[in-house]
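Each structure below is given as structure tokens.
In the two complexes below, chain A is the common chain; its partner is chain B in one and chain C in the other.
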Partner chain A sequence: MTQVNITIEDIPATTQGQIAKIVKFQGQLDESNVDEKAKTIYAVIEQNPQNLYLILDFEELEYMNSKSIGYLTDWYGKISEGKGKIVIAKARSNILDILQVVGLTQLINCYNTLDEAKFALLRQDTPGAAQPQ
Partner chain B sequence: MPGGEFSYYAISALLAFIPALIWMLLLFKRTKKKRLQIAIFMGGILSVALVFALQYFLNFFPQFDIVNFLQGQITNQNVNYIILFIAVGITEELVKQTFVRVADSKFLLIETINDSIQFSLVSALGFSFAENIFYIYSIWTNVGIQQLFVAYAFRSIFTTCAHLIFSGFFGYYYGIAKFSLNIREQSRWIGKKLIFTDILSKLTGMPRSQAYKEQMILKGLLIAMGLHAAFDFLLQFNQIIVVVPFVLIGYFILRHLLKRKAGHLIMVTDVDEQRASTMAKTDEEVVIELAGMWFKEKRYVDVLHICERLLQRDPDNKIVQLFKAQAIDKMDNKNVYSKILKNLFPNKEERESIEKMIKEKTKEAKKNPTLAELPKPTPAPVATPSIPKDTSKDTYKL
Partner chain C sequence: MENNPQTIETKPVRITITLPTNAYFMSGIRNFTLGLIRNMTEFSEQWAFRFQSIVDELCNNAIEHGSEPGRDITITFVSTPHDSIEILVQDTGSGKNKMNAQELKKLVVERRDPKYVHTGIRGRGLSKIVAEWTDELEFKDIDKGGIEVRIKKFLNDPKLKEMSQYLESPNHLVLN
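For the complex of A and B:
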């Protein structure tokens, strides 16, 4: 089985009822581990069905296969249904390239740094906040 | 009298040519390669000579006449008819295709699956025209001119149409076999299990790609031959009421196959003119794998969008082109022939899935018009919000 680690860290929310977390991926998401690891994210979504704000930190994610992209779209759907938001931070160029061709960058915004991602994610509901390009 | 016989043949040829011309005009209506198709039509006429040659050979060497041998062993007349019609089906279907296959192997005429169907149809028309000359002559001289009209009308419409349909199916599978490399590759991404191909490959020791090719040709031949034998068998017992819908259903299915986008796709690749992909191979494979996964899940709109974007990066990728064409074909439920096919072979689950998806996507596109537009191949859209340098002045918390 290919090695992949997922660590979840809480971050302070800006509004009441908002639950914000950073999910850090390390390693490679492939056929051997993706189903198992996806359960971790589904568990977070199930625990927080409403107003969940997630930053997916892809800095140390080296590879993601088609199934993991499929899961990503599903997480996006579920979180959006619960009036939450999801963004991606620090994705490598190869992963960003795949996400762009798949069309996911039109749905999930991608940011160069964690600070930018945090700022954008938690500020989006504030009137006059900067919108991603 | 030799002169009189020639006149009968000449008039028979003229009579046979009238429906052939009408069919030819119908077949040539949407094609640009008219000269080439006239040559194929002529080839189809000449291919009748192969049947005569075979007959001549069997007359001289009756020990090779397997049909005669089998019929001698079986007393049941119906079984004998089945054996005869299967033999006729195999012979005629192989002979009708001979000219197209030989010409294609020398001049690479076939560039799309539809080319393969179209050329098979034209070749079959040539064969049917030549066959009709002999039938008209035979009925006229043996039965009489009074009986000729009904037989002539039936042969001109239904028998000729049946010949075209049988060959059209063979042409379709021949086209798939010809472009099996890309088609098999695409099937692999969808996750289709090619069990028969694996068995054939193991039994014969052929590479899997070759085994798939042979399997498709065999499938086409079996379908064409089976339909041909069934048609002859029904005619033998004057089952006209069954023959007419039999031919009509075959016609609609073939029309549907000819209208498919995947059939129009040019599958021949000129390596010198092929543009290189601007995406890394492993990354591209991830996207193609995703397209295959979603295709399997019947998410055709999503497959179409992925393919559009990927083709901007790798415009000559045949697998992606195939996925795109097939996704469009699956969504094309406005097509009248698709509707007829759906009534004939209903697949409720698939139809409901497509309808639901189209409704969802239309709703989504109305809500957010930017989603419906396809992005241009620009560098990755990394958002860069402006973060104020002095965060103490802001009210947000990090």
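For the complex of A and C:
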């Protein structure tokens, strides 16, 4: 199985009821591991069905296949249904390229830094919020 | 034997790899593809990563639909200097969810329709990644059973030059 690690860290929310987390991906998401690893994110969504705010930190994500993009789309749908938000931070150019070709960047905003992603995720209505990549 | 350097430089290089139907091996094939494109072709770094995805998606499709566990898939790279790269992936037609070439082509055409909405986890590989990033995509039934999927990308695509200009800026996305 190809190596991939997912670590989840809580971050302070700015509004009552918000649950905010950074999900860090390290390695490669492919056919050999994505079904198993996706369960980690589904568990977070099930535990927090409402107002879940997720930053997916892709700085150390080296590869993702079409199935992992399918899961990403599904997480977006479930989190949005629960009035939450999901953004991507620090994705490498090859990852941004593949997200772009499947049209996912039209659904999920991508940011250069974690600070920009946090600002956009948690204070999206504030004037001057960070613009996506 | 004497080699004419000019002949060597323009002669297509053909490499064939056979591997068992197991996603475990795909990480190695992706690394091989990256190295091959970087070292043996004139495609840019961006395209090296794109071909990595193309090969991965073609092989995963062959493993899922074409060849049952314990059988093989075959990947062939044909690099023609200064011209193109061609990649062919063959399965054995023994898979549980097997399709013929016509069915697979129909599926890709349906999913490439701008009105088609992808709702499932699967189904973006061939239609959204492979089809978008290649100049030719063909499906052919093989006489001994199975399908051969063939893609080709030409180097003289005017968009390639334009794209490579943006590589120095990793945050600059290039639309295909």
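Some notes on this structure:
Here is the rule we go by: the second predicted complex is superposed on the first by the 124 of 133 C-alpha atoms of A that agree within 3 Å, B and C clash if a C-alpha of one lies under 4 Å from a C-alpha of the other, contacts with A are read in each partner's own complex, and residues count from 1 in each chain.
In this text, contacts are C-beta pairs under 8 Å (C-beta built on N, C-alpha and C of every residue); 3 or more make two chains touch, one makes a residue touch a chain.
Please read all numbers here as calculations on a predicted model, not as lab measurements.
Placing chain B and chain C on a common chain A by superposition gives a clash between them. When the two complexes are overlaid on their common chain A, residue A:Met1 makes contact with chain C while staying clear of chain B. Counted by residues of chain A touched, the larger count belongs to B, out of chain B and chain C. Of the two partner chains placed by superposition, A:Lys78 touches none, neither chain B nor chain C. Legend: residue contacts after superposition of the two complexes on their common chain; A:Lys67 is shown touching both chain B and chain C.
In the superposed model, A:Ile98 makes contact with both chain B and chain C. Within the superposed three-chain model, A:Lys21 lies out of touch with both chain B and chain C [touch as defined at top]. When both complexes are overlaid on chain A, the residue A:Ser32 reaches chain C alone and has no touch with chain B. Residues 63, 65-67, 69-70, 93-94, 96-98, 100-103, 105, 112, 133 of chain A lie in contact with chain B in one complex and with chain C in the other.
Against chain A, the residues of chain C that register as touching in their complex are 23-24, 26-27, 30, 46, 49-50, 52-53, 56-57, 60, 63, 118, 120-125, 128-129, 132-133, 167, 170-171, 173-176. Within the complex formed with chain B, the residues of chain A that make contact are 11-12, 14, 63-67, 69-70, 93-94, 96-103, 105-107, 109-112, 115-116, 118-120, 122-123, 126, 130-133. Residue ranges on chain A touching chain C, taken from their complex, read 1-2, 28, 30-32, 63, 65-67, 69-71, 73-74, 92-94, 96-98, 100-103, 105, 112, 133.
Of all residues in chain B, only 279-280, 282-283, 286-287, 289-290, 292-294, 305-306, 309-310, 313, 370-371, 375, 380-387, 396-398 touch chain A in the complex they form.
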